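Two complexes follow with chain A in common, the first pairing it with chain B and the second with chain C.
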Partner chain A sequence: MKLKVSKEKILNSLQKVQSVVSSRTTIPILSNVLIKAEKDRIHFTATDLDVSVIAGCEAQVTKPGATTLPARRIFSIFKELPGPDIELEVDDKNQASIRSGSSFFKLVGASEDEFPPLPKLDAAKTYSLDQGTFREMVRCTCYAASHDESRPMLNGVLLSFKDAKLAVVATDGRRMALFEQEVEFPKGSEGDLILPFKTVEELNATLQSAGQLKILTTPKQIAFEFDDIIIMSKLVEGTFPNFRQVIPAQAEESIALERETLLTALRRVSLVSGDNSTSAKLAFSKNKLEITVTAPNVGEASETLPIKFTGRAITIAFNPDFLMDPLRTLTSDEISLELTDDMNPGVVKCNVPFLYVIMPMRVS
Partner chain B sequence: MATQKQAGAGKAAGNFFLIHGEDEFRVKAAARARVDALCPPADQAFGLEILNGTVDNAEGAALVLRRCLGALRTPSFLGGRKVVWLQDANFFADTNLIKGDALKDARDGFAQELKQGLGDGFVLVISAGKVDGRTAFFKTCKELAAIEIFAVAEKSYQQEKPALEWAGECFRKAGLRVSGELLKAFLDRAGYDTRQIITEVEKLSVYLGARKEITAEDIALLVSPARESENWDLPNAAGHRQLQRALDILRQLLFQGESEVPLIIGLENLWRDLLILRGCLDRGWLRLSSDGWKTEAQWSTAPEVEAALGSLDKDPRKIHPFRVIKLVEQARKFSSSELQRALAETLATHERMVSGSGAPDVLLEMLLVKLLRPTGSK
Partner chain C sequence: MPAPKPIHVLSDHVINKIAAGEVVERPASVVKELVENALDAGATQIEVEAVGGGRQLVAITDNGCGMGRDDALLAIERHATSKIQDVDDIEHVATLGFRGEALAAISAVSHFTLTTRPAADLAGTELVIAGGKLADVKDAGCPPGTRIEARRLFFNVPARRKFLRADATELAHIRQMFVVYALAHPEVGWRLVVDGREAMRLAAGATLGDRLRDIVGADLARQLRPLDLTRHDITVRGYAGQPAAARQDRTEQYVFINGRPASAAAIYHAINEGYHTLLPPGRHAPIFLFIEVDPEQVDVNVHPTKKEVRFRQPGAIRDAVIEAIRRALQPTPTTGITSSLLTMPPPTTAIAASAEQQIKLLIPDLPPPRTFQFPGLPMLPPSAPPPTAVPGAAPPAAAPTPAQELKNAAHSPWLWCRVLGQVGGLYVVLETEDGLVLMDPHAAHERVLFEQLLKQYTSHAVKSQGLLAPETVELLPATAEAVRENLPLLREMGFGLADFGGDAFIVDALPACLGGASSRAVLAAIAESLAKGGARGGSARAVEEAVAQAACKAAVKARDVLRLDEIEQLVVALARAEMPYTCPHGRPTIIFTSYGELHRKFGRA
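The block that comes next holds the complex of A and B.
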């Protein structure tokens, strides 16, 4: 294999596959990145056997071929090379020679045959979406996923393709985030897919705000193709609980609140909490919201916000972190908080098809 | 492996359960059964919250307790019952690893919260290892919770009976038949750990297929020797004239790193004790009486008995009655002359061992074969 490539382009591609390379793997080949050169392109593949990422860039390939090289080491070397272009040559024994400007490196690699083959997505269902929209849907919901390993279905994010809509849902049993958008897909492609959290993190790190996204799925695997990247992942097996039954049918009060103002106030008062057993008490009265946090052995904090509210007075307590999570990711100026009483869930809505159900906390 | 149940007020309310003990397998199984009964698997996605209670330090423990309180203050998504399971908690015992004021405060605070009540629809299940009975937390549990204890007896001789019951139950559940003698042989290899027992039974069940009768060969072939032998296992086997068992135990003890000299001293002590007790039995100075429930060792109070036994360095009447009963069982398997010969052979082997006239392990094996071979074999 012999090629010449721009340093900037190769670093950009390598950066995209780095995150799935584990430094503590018990299978040494998984510390390597598979490099394939063909025609005028070079492709990099990294995998941890659950998630695989393929990224590519243009290159002047004089001799096609493939090899594997230690991922973190070559990234560090390429980053430090002095010239704008890099020449890479790999011999039959998988020894790589790297030249750039006045620098020369020789690295020992391993054969491409040792690298685990990627899953084949034959007869896959296909969906096409706007990349930016999907990124927003994932970003606005993924924080609500559970980290409790005993409930693997809740450890990921649900993609539910039904009734010409895609619903992206995450829940940990105490709150649920749902983002729903109309998308076009064939009638026979309806179905639920649960993405593992690691895949969601990869998507968050690599999806861009514009461009097309193609999703291919089989019953056990999923692939996301966009720009020069393919992310392949196993799907979580199991059935996601019926999230629609969690959404309250109606609420007695809908209160409009300035998102940024509420977030800032919550951030300030939660400085005295520090763990998720402490609640923030929200007391709504005529045109006023008073937020109070009382932490035993620590202290107390309160904030008063002017709001437009003329309904009946309601006092309800929420985990402040859970209430701040959607406020951090949404971008609209105003949100609405729908409440019924202190023991029924609150619902956060805004001007996009997003919905966040949050359970109140009992105040002892 | 003893199971004990205690009922606090929570038993009546059915909303607070503490399942604990060193028998980790049965604690886990009982807690899982309790949780599944309280919250059917179909409802567990939103009706059950599990918190992992295995921590490395006091700060971690305090954090878990605060999280548990957070879970107990947040109702279920769908209304109705919410079960919070604090699983595998390792910080309720008195250990040096997880100790400190932060933990004590957190535990006391947790107990205080529990005293205030869990709130309608909330159920708390705690599964833990050992729980320190002196803590305010445990006292609160005694007051409020339904408690199940799966303790493991400290002494190995106390562990045998419940292990036999458990192994018998496991074989019955697996549909396998095993005799009492083979059940003991099974435990001799598998040990008394409940998880190990069930694993070995499952292994046998898979191996046997349609066959349901367990044989000694099946046990020897399949059951992994997991139990650590104790030094006294060797004299016990020798006293019962069990040659194969004695050889197995000897090899196991040597594998565990025991040296030969203490083992041969153990055998010398055995023959001396048995010789004296055999003599006492033959002279009618000692007899065992049983009312069908309890066996007792009865010593003659005749003056000549006092004179003969009182003058010995080790008066057999001062041996614990339980041990006397066990030794008498063994002494009855030998004649006095056999015991005299056994003692003489053992002392001679001991001498050869320390004088370097042979490999100590081989000398010990040969001694056992010589003393315990079936009568009539050469």
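The block that comes next holds the complex of A and C.
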């Protein structure tokens, strides 16, 4: 294998695969990146066996071939090379020679055959979406996913393709975030997919705000193709709970609130939260919202916000973090909070097709 | 059939030898009996001398009241004593001895010399006795007080002599006996001379804290917390060790009842209860327990050497000991010193008081417990009663007084610490001012959650987080029964729980501090422990056990890789915990290696 490539391009591609290269793995080959050169492109592949990322860039390939090299080491070497171009040559023994300006490096690699083969996505269903939209849907929901390993199907984000709509849902049994958009896909491609949390993080880090996104799935695997990147991942097995049944049919009061104001007030009062069981008490009365946090052994804090509200007075307690999560990720100026009483769930809505159901806390 | 042997009365000589077998078992028993006599004689300076493991010589010299010649001659008779008059006196005996057997018994089995002089007399008396026979009585010049020498112990009882162990072992027993009495009487000066060389010298007029530091060393002394409790006529004082200092046996547990070293099953049981949830079974923390109780409440006349005592009301003593230990180890939660300024008494007194208390805080009896100040908000009394409070109910408890809070300045295991990372995907490594700490995050988290939930439970302020969709949890018949019996308890713990018939339950809320734990796992674990605990009984213990199980299930799993900020949060929460050293099941949360130990291991001493 022999090629010449611009330093900027190769660094950009390598950067995208770094995050799945594990620093402490029991399988040494996984700390290497697979480099494949063909025609006028090179591809870098890194995997931790759960998630794989493939990133490509243009290169002048004089001799095609493939090898694996230690991922972190070549990234730091390429970063320091004087540039602007890098020449890479790999011999039959997987020994790489790197030349750039006055620098010369010789690195020991490992054979391509040792690298785990990537899953094949034959007979896959395909969906086509806008990258920015999908990124926003995932970003606005993923925080609600559960981290409790005893319920693996909640340890991720649900993509539910149904009735010409895509619903992205995450829940931990206490709150649920749902983002629903109309998308086009073939009639026979309806189905539910649960993305593992790790893949969601990878997507959050690499998806761009514009461009095409292609999703390919088989019952156990999923691949996201966009720009010069492919992210492949296992799917979580199991059935996601019926998320539609926890959405309250209707609420008695719908209160319009300024998102930023509510968020900063909550952020301030939760500075006194003593531990993860702190609750924020929201008391709605005529044109006034009072938020109070009392933490034993720490102290208490309260905020009073002017609001537009003329309904029945309601007092309800929420986990302040649960309430802040959607406020942080949404971008609209105003949200609405729908409440019935202190025992029934609250619902956060806004001007985008987003919905957040949150169960109140009770104090015995 | 053998011919009946005639019955005859034993001679005094034989009786003394038999009695000696009960009282004098080994050289250390001689030390015990004679030291007790010295203390009863009001000595302020006692010297114990042993040669050849006490086999060749045991000598006790005191500066007590001494005896005149007539008294001295009488004292060596059996059942001769100055300490009691008649049988009623035994009921409220305040001296260590009273049976009047010791001198007779010791002199029966050794070459015995008694030299004594009351301060008022000009000349002292010397008695020489060999094997119980008075050999010589003469005047002798000597300082006021008494010196008793017992040479060649058991010279005339070969059977007993054979049972003596190696010199080193017998010496160890003597030293142990010496230490016990030196601890019991810190006001007395002590000197131990072994084979002509001074082995230990303890200054007179010491406090118990000083004496402990001299005897057990500063390292252990630092791990001790003072005990102080008076309840009715029972006073419990002394020091209780942190669970981290625990060991496999009870060798560092010293119990003194009215100044008398003693053991009683009820007390050991109470110590175990006091350390319940802090120590795993089979581990025993060091403790120096001084119980003062009306002499009439104790029967010391159970055992010839008074090793064991009995109580009239073992329950009351047990409760007092448990409470004293619990109080010492789990003091009321504290916050920063600033809180004393926020209770808003007149400003001048507040400042004066807090200044005085700060001084107290800095100069305690023992080296100060390592403090750990966190940037935390000071405690405020709730400005309004909680909305759920019934009108007319008792007002919220007054904020603890500053003195109370200061008394137990944070008992965190470190002053400052830095998280270095996680090893083996499990243990967290911390650097502290004194050394290296390894922390088990699961055990640590368990402890933190346990205290949170227990605190909420006991203050009836449990917060529970509702579930979006109620979950049905199916249990085994036995555990389901346990849950059904304990429904009120579980509801108070914050579970939204309803019987669904059969062995199933519906859960619609969980205690909020359990975070994202799954209701099925938590409920099943609690139910199992309740089912098992049913036999053990005790509802307070059932609550603790249930809370411990819940904490265990909700704590981070052993293999979870934690983010740095999660570790930091946990470290801070653990340092705030009342009992940061063990998880609720008594396993350690942290292992501390001091720089001193590291230096030693690297040969840098």
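Details
Just so we're on the same page, the second predicted complex is superposed on the first by the 362 of 364 C-alpha atoms of A that agree within 3 Å, B and C clash if a C-alpha of one lies under 4 Å from a C-alpha of the other, contacts with A are read in each partner's own complex, and residues count from 1 in each chain.
Here is the rule we use: a residue touches a chain if its C-beta (ideal position, glycine included) is under 8 Å from a C-beta of that chain, and two chains touch if they have at least 3 such contacts.
Just so we're clear, the structure is a prediction, and the values are computed from it rather than from any experiment.
Annotation: superposed three-chain arrangement on chain A; chain B versus chain C shows a clash. Applying the stated contact rule after C-alpha superposition, one finds that A:304 touches neither chain B nor chain C. In the superposed pair of complexes, A:212 makes contact with neither chain B nor chain C. Of the two partner chains, chain B is the only one touched by A:153; chain C is not.
Once the two structures are overlaid, the count of chain A residues touched is higher for C than for its counterpart among chain B and chain C.
In the superposed model, A:189 lies in contact with neither chain B nor chain C.
Of the two partner chains, chain C is the only one touched by A:272; chain B is not. Of the two partner chains, both chain B and chain C are touched by A:296. When the two structures are aligned on the shared chain, A:287 is found in touch with neither chain B nor chain C. Once both structures are laid onto chain A, the chain C stretch out of 2-10, 128-136 or 506-514 that overlaps chain B is 506-514. For the contact definition in use here, the residues of chain A common to its chain B contact set and its chain C contact set are 148, 150-151, 171, 173-174, 176, 241, 245-246, 275-279, 296, 319, 343, 345, 357, 359-364.
Residues of chain A touching chain C in their complex: 24, 146-151, 171-176, 241, 245-246, 272, 275-279, 281, 294, 296-300, 315, 317, 319, 343, 345, 357, 359-364.
Those residues of chain B whose C-beta lies close enough to touch chain A in the complex are 44-46, 49-50, 63, 66-71, 73-78, 87, 109, 113, 116, 119. In the complex of the two chains, the chain A residues touching chain B come out as 148, 150-151, 153-154, 171, 173-174, 176, 241, 245-246, 275-279, 296, 319, 343, 345, 357, 359-364. Only residues 333, 335, 376-380, 382-383, 386-388, 425, 448, 452, 455-456, 459-469, 471, 491-492, 494, 496, 509, 511-513, 515-521, 557, 573 of chain C touch chain A when the two sit together in their complex.
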